[in-house]
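What follows is a pair of complexes built around subunit A, which joins subunit B in one and subunit C in the other.
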Partner chain A sequence: MADVTLTIDGQPVTVPAGTTLLKAAAQLGTAIPTICYHEHCTANGLCRMCVVEVEGQRLLQPACLVPAAEGLRVQTRSERVARSRRTIGEMLAASVDLSQAPELQAQLADYGADPERFPEAERRARPVIDDNPMYVRDYAKCILCWRCVQVCAEDAQYTFALSFDGRGYNTQIGTFFEKPLPETACVFCGQCVGVCPTNALKPKREWLLEQGQTPDEIMAQTRSGRRRKRG
Partner chain B sequence: MNPADLTAITHREQEARGRHRCRVLCCSSTACLASGGGAAKDGLTRAVKLHGLEKNVQIVNTGCMGLCSLGPMMRLEAQGEPDTLYQRMTADSAHQVVDEQLVPYFQPGHTPTEAESEVGAHDFPHLRASLSQVRLGRGLDEHLLPQDMPFFTRQKKIVLARAGLIDPERIEDYIAHGGYTALAKALTQLTPEQVCAEIQASGLRGRGGAGYPTGLKWNHVRKADGPRKFVIANGDEGDPGAYMDRTLMEADPHSILEGMIIAGYAVGAQHGYLYVRGEYPVAVKRLEKAIRSAYRQGLLGDDIFGTAFSFEVDIRIGAGAFVCGEETALMASVEGQRGTPRMRPPYPAQNGLWNAPTLINNVETYGNITAILNEGAAWFAGIGTEKSKGTKIFALTGKLNHTGLIEVPMGITLREIVFEIGGGIPGGRQFKAAQTGGPSGGCIPAEHLDTPVDYESLKALGSIMGSGGLVVMDDASSMPDVAKFFMEFCVDESCGKCVPCRVGTVQMHRLLEKVTAGQGQAADLQKLENLCRLVQRTSLCGLGQSAPNPVLSTLRYFRHEYDALVANGR
Partner chain C sequence: MVTPERVVRTTCPYCGVGCTLDLHLQGDLIYRVTSPFDSPVNHGNLCVKGRFGYDFIYNPQRVTVPLIRKTPPTPGHRTPAADLSEWREASWEEALDYVADRLTAIYQRDGSDAMAIYCCAKATNEDNYLAQKLYRSLFRTNNVDHCTRLCHAGSVVALLKSLGTSAQSNTAAEVIKNDVFIITGSNTSENHPIIALQMKAAVRDHGAKLIVIDPRRIELCDFATLWLPLKPGTNVVVFSAMAHVIVKEELVNTEFVEARTEGFQEYIRSLDKFTPEYAEAVSGVDRNLIIEAARMYATAKNGAIYWGMGISQLSTGTASALGLIHLALLTGHIGREGTGLNPLRGQNNVQGASDAGAMPFHYPGYMEVDKEENARQWEQAWNVEPGGLSRKRGLTTTEILSNARPGGIRALYIMGENPMMTEPNLNVTRHHMEQLEFLVAQDIFINESGAYADVFLPAAAWAEKDGTFTNTDRRVQRVRAALAPRGQARPDREILCDLARRIEARLGRPAARTAGWDYAGPEAIFREMANVATMLKGVTYARIDRLGLQYPVPDENHPGTPFLFSETFPSGKGRFFPLEHVPAAELPDDEYPFILTTGRLLEHWHGGTLTRHSQLDELYPEARVDVHELDAARLGFKSGDVVRVRSRRGQVVLRLNVSPKTSPGVVFIPMHFAEAAVNLLTIDVLDPQAKIPEFKACAVTIEVARVEDLPNPEALTNRGRY
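And now, the complex of A and B:
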């Protein structure tokens, strides 16, 4: 494809047409914060953390999706952009538990976000789903980045065990008819756990350790589990 | 079928009509059915049978006649007489119409003299030969509606021209009213380029809300590359209180279908989808029937009018999510996916349904196409204002004496709509604001009542034309409450995909709850405004981007109400 030249924060950069603004900025060494974006997943542009200012556009544009075009003038950290990122971070902090999402916490700090700014709406508080020996699902920590659903589907595994329940503020990742994972198509490949940015999906062992169990206790459980199965 | 067959069908219809001296049109749109239209029609049918008038009186189901708040409505057409309109019909009053008007009308040879008719018709049944001179007894006059009401005379009907006058379930009736001649003309006399050029020259803009020039969109799709292309009619209509599209689909389904087929020819598509929300069973039934009869007549399917053009249409039924009216979510839904929007561009014209170039227009937009081709782009462009051509249908609701469905020329003022067509505010109250554009729109206060209704003027006032909801509020309404109502709607309807809308609408709603409950502080208003701006500029789709509009526009014109709540609440 042909190359295009654009300016990002005043610096010119030349990239192949179709390159996202995110990658074009990276080429200049300019980091744009992202949450839902993942190198190996389809970009959906849904967290809106990566928004940037594109001259001539009324709305802020998601850098993870918008392709570079000849002559574009992009601002990655204007006043509007910084304020938007800060508020988006604050809103996420108000709705879910980000205590185990270090990347996100660093972003919040970077933009001076006040996690307590929006106390009005109740947080998402769901019980942990512990329905299989491999991993637990703690949707109180889920920011709905869609990555797990996508790796389970066309982005990697083509298993389609994960999908969506509800909508709006009550959207949750789930299984069809809320079936326990062992009763679904899930093959426990672990890819979803690998792409989760907030530790909402967590290996069972790690979770049990956090619950205060010792490695020996955990081992004992797996042994008795195996015995039960054989017997 | 060839174009001459249309004329033959028209003649047959006219002959059949000539055999009946009289027709009674019964509104059978959802509103009138809900207020008892079925029972009224049954009463009419029974009475006609009782008097043995079946051969003379034809009873026809039609779509909406407009004044839905006064339904069930009926219209009596008798040869040699002006039409009579009836309101609030019941089985009894329908019986009365037959007894006191139709029976005498069919007694031959009596034209009352002026003196005779003065006496009072019900005393001398033989004198009631002329309907227009009949004196009505026993309260039937209460059911008569004067046709010179501004509600009717101030309207201009292009899209709804046939609504309430034809039987939407009979393709022959549509054809007898000029139906499918525009399609015949397009296919046999015009090239696709010419059709697009004609639509472009007419100045028609999309009626789904955003007002994008229709001809331009058609040209984009026509020029897009692709072995297959699609045409979609958007009949999802999710705005609370709006029922323009439902009414059109119920009253004149063939006009939408004909518009779609013409669009298919113009852009080079082979397949069309009509997307209708599931809450509209009557519309779905009539559209299904329309599609079946169009296939039977050869107006859908292969080689239409003997040309090489073939076109198929299917219906897809939505599950009632407002967001599925957004074009990318709608296409996801048609594909069988979860109905969530995606980033645009690429626009559907480049990459739409199953990644093929796709034309998507609102059903009312399609409803304009036949008139433009039949009457010419110049005629259409002569109606309306400089940048907004033609007419717009509004669902007129709220604190008004007459509510219902109206079609008005672009450029009419809000004042004319509210005080002439709507008959003003009941109960001696004052007009406070008109809300247009539903959850994506805003409120227009009294000082702007003389603003012409067109896309640009409404936008400049902080509202939008929208799809046609128009709610009038009187001085008893609280504007922060109105804003809260629409925000609650957005909370319920947010798809949950992007963070600003998913969390932001909930936060804004909570702040509005706090403020309207008198527990807010000045800082909360500040926070509310900040959130509005954020959600506006960072949301992924139009739902989130416009969800703050009702708040911003009420803050703009009625800030004192918010301030008072904040000041007094403490």
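And now, the complex of A and C:
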């Protein structure tokens, strides 16, 4: 594929056509913050944390999706970009429990975001769903990045057990008809747990540790009291 | 939020895919398992066993103290211990002295032929190397085998006969470079879940066409262009009919056949009878599907074949695998990237255990025991006097137990295997176990076989020891201790070395003639093996610290071998063998109208020693028999009904599952559940060449049973997965 040359924060860089602005910037050593983006998932441009300013474009552009083109002039940290990222962080902090998302917290700090800026916001509060022996789902911590839905679908597992329903603020991740996971197509591969950026999904054992159980107590629970009969 | 005290990188202990794991620990508790997204094996993906199924190491039923039976069982009257009250705790000193005394006494009385060991495809290369070294160098016997005999022996023998080597030819991840691939006799989604993900991606993202040839409508049929639902035990006919079509329609790669193969003329004469019409009559597969599959595979740019136990676990296992080899040789779909003959190996280290010589016909590195120069080399390596090692081929897994009798095998050492679950026709296996004079079990749980033992030696589990595993695509990878062995458990390698020193002393072998049991660590053991088994010579622990190496690795600068046979086959030319159709030993009739086929489930592992002691058992707590909806409707059964499945050899009671996963006339029972052990039903006939039992086809009948007859009425599966 042909190479294109563009300018990022005033520095020229040459990359193969089709390379995203995120990767082109990385080639210059410029890190653009991301939330929903994952190297091994399809980029959707959902969270808008990675937006950059492209000269001549009316709107900020998601760097994880927009391909580099000849002559583009890109600003990755202009005042407009910084304000946008700061606001995204503040809105997330206002509605979601980010206490177990250290990367996101670092981004909030980096952009001077005030987590208390929207004190009136309605927080997303759902009880922890503990419906299987393998992992728990704490959607109060969910920022709707879709990674779990994508790895359950065509980014890895092709199982399609997870989806999202509802609209707007009421959008949420879940199973069809809110069935318990064991009754869905779920195969408990845990790819979703592996890509969750906020610890909304976590192994049951880790959750029990957080609940204050000791390692010995958790180890002793391995398998139920059901004894198999010997022939 | 929990932060790990340490993160230990290791290799998954379950299947042959060999996924990279990062174990996150607080104290001795593994509370989270992740996988690096840059792992070339699994790209960050895991299955339920790898990610959540490690907790068996903490199960309270695990035995971590050496045990000796209070009343030593006597030959002919050996019974399984009902519970721990029949054992007493012993010190390691006492237990090992006792084992050494008894083994030495039997050896000195009855000689080499009375001794045998089952090595372990779950243990490390180093453990297996030592186990076979102990029996070969001290007891001078080749009665050394492991469960490879029960899984891919048919494939191994066929590949050795035709090509001269038995391993998977290509890297599993190359599946995305196939444009047509065949999956046969493998429920890959459940048994090699991560390879199945790559197969799905090959179809959905890379435009490959998939042909499934299997009696079961496995999940991958959803991704397949063609599904050929053959009757169990008719592989040879279907594969030969495909070859017939390829020859008749002149789709043979003549350049490849002329340059790289032999026996072609004689072979094509044997194909005359395998017309698609004949194949349809025998196998039940529509002739047009056979023709279409043959054309699709033969005209592919890159065609590949992946197979599992459905090929090898038959009395025609060797012939079935040869049928597949022929297809690759006819079309030249071998020796290039994205092609190949790929027997998907079951256990995490079944490849490695075979490589390490845990087999009755081969020293480490597949060096035949009956070749003088091989024996000489190992005599030198093990400091054995010239002529000291046995030149006689040993007994295989199934033969070892069936020869347990006065004048035959007297003492058996079982390292981590479970023949009382995995042998065919357990009704008979039990009587063989009874005949043993002395039995040692070295394991982490007292399983169905260990219960018969005189002595139980508690071994360290996979997360408690260092070493290497070799995965299905010949990749030697590191296994690391993440925590100290529980209780008094010890790594297998240490147990074996301590025992070997004791036996050597009792045999009166002078210190100058020791075979050598003092190793600085596992790498020293690996080095000793790799110095003679030259395919591993270039593998060092330093080189595989982050990333495994695919053997052959002939020297320390060699980058490893992702695919085999680019220039030549180890045997020179690939050989065709004329085949005949031989029906399964037991066919359905009026009295036993169904064909029973056996296999595995995603949530469980083989004999169940590990997964039935894990939270995995909560996900899938009971055996079920899968019956096709037409058969169920005809007999008036619905899902959840309790039935008795009976063969000429035994019976089990379990719940029935009306399943789209099987075909009419064929029923399926998984092998993991001791309380409904399917191997009470299976037939103990063997493939004449590979000695592998016919687990995949026998005749059964299904009758109504009562809930009270269920061994575990409260265990109920309510799962929505396919």
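FYI, the second predicted complex is superposed on the first by the 224 of 231 C-alpha atoms of A that agree within 3 Å, B and C clash if a C-alpha of one lies under 4 Å from a C-alpha of the other, contacts with A are read in each partner's own complex, and residues count from 1 in each chain.
Quick note on the criterion: a contact is a pair of C-beta atoms (placed from the backbone, for glycine too) under 8 Å apart; a residue touches a chain by one contact, two chains touch by 3 or more.
Small disclaimer: the values here were computed from a predicted structure and weren't measured.
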{"item": "Three-chain arrangement built on subunit A, subunit B and subunit C clash or fit", "value": "fit"}
{"item": "Touched partner set for A:R123, first subunit B, second subunit C, both or neither", "value": "neither"}
{"item": "Touched partner set for A:Q191, first subunit B, second subunit C, both or neither", "value": "second"}
{"item": "First (subunit B), second (subunit C), both or neither touched by A:Q100", "value": "second"}
{"item": "Partner chain in contact with A:R73 - subunit B first, subunit C second, else both or neither", "value": "neither"}
{"item": "Subunit B, subunit C and vertex subunit A (Cα centres) - angle in steps of 10°", "value": "120"}
{"item": "If touched residues of subunit A are counted for subunit B and for subunit C, the larger one", "value": "C"}
{"item": "Least C-alpha distance (whole Å) that remains between subunit C and subunit B when both complexes are overlaid", "value": "14"}
{"item": "Touching residues (chain side subunit A, partner subunit C) in the complex", "value": "39-40, 99-100, 102, 132-135, 151, 154, 156-159, 179, 182-191, 193-194, 199, 202-206, 209-210, 215, 218-220, 222-224, 226, 228-231"}
{"item": "Subunit B - residues contacting subunit A, complex", "value": "321, 338, 342-343, 491-500, 502-507, 510-511, 514, 527, 530-531, 534, 536-540, 545"}
{"item": "Interfacial residue positions of subunit A with respect to subunit B in the complex", "value": "44-49, 51, 58-60, 62, 65, 80, 83-84, 87-88, 91-92, 94-95, 117-118, 120-121, 143-144, 146, 163-164, 166-171"}
{"item": "Residues on subunit C engaged by subunit A in the complex (per definition of touch)", "value": "1-2, 24, 26-35, 37, 43-48, 51-52, 55-56, 58-60, 80, 82, 193, 197, 200, 204-205, 223, 448, 451, 602-603, 612-615, 617-619, 621, 673-675, 677, 680, 711-712, 714-715, 718-722"}
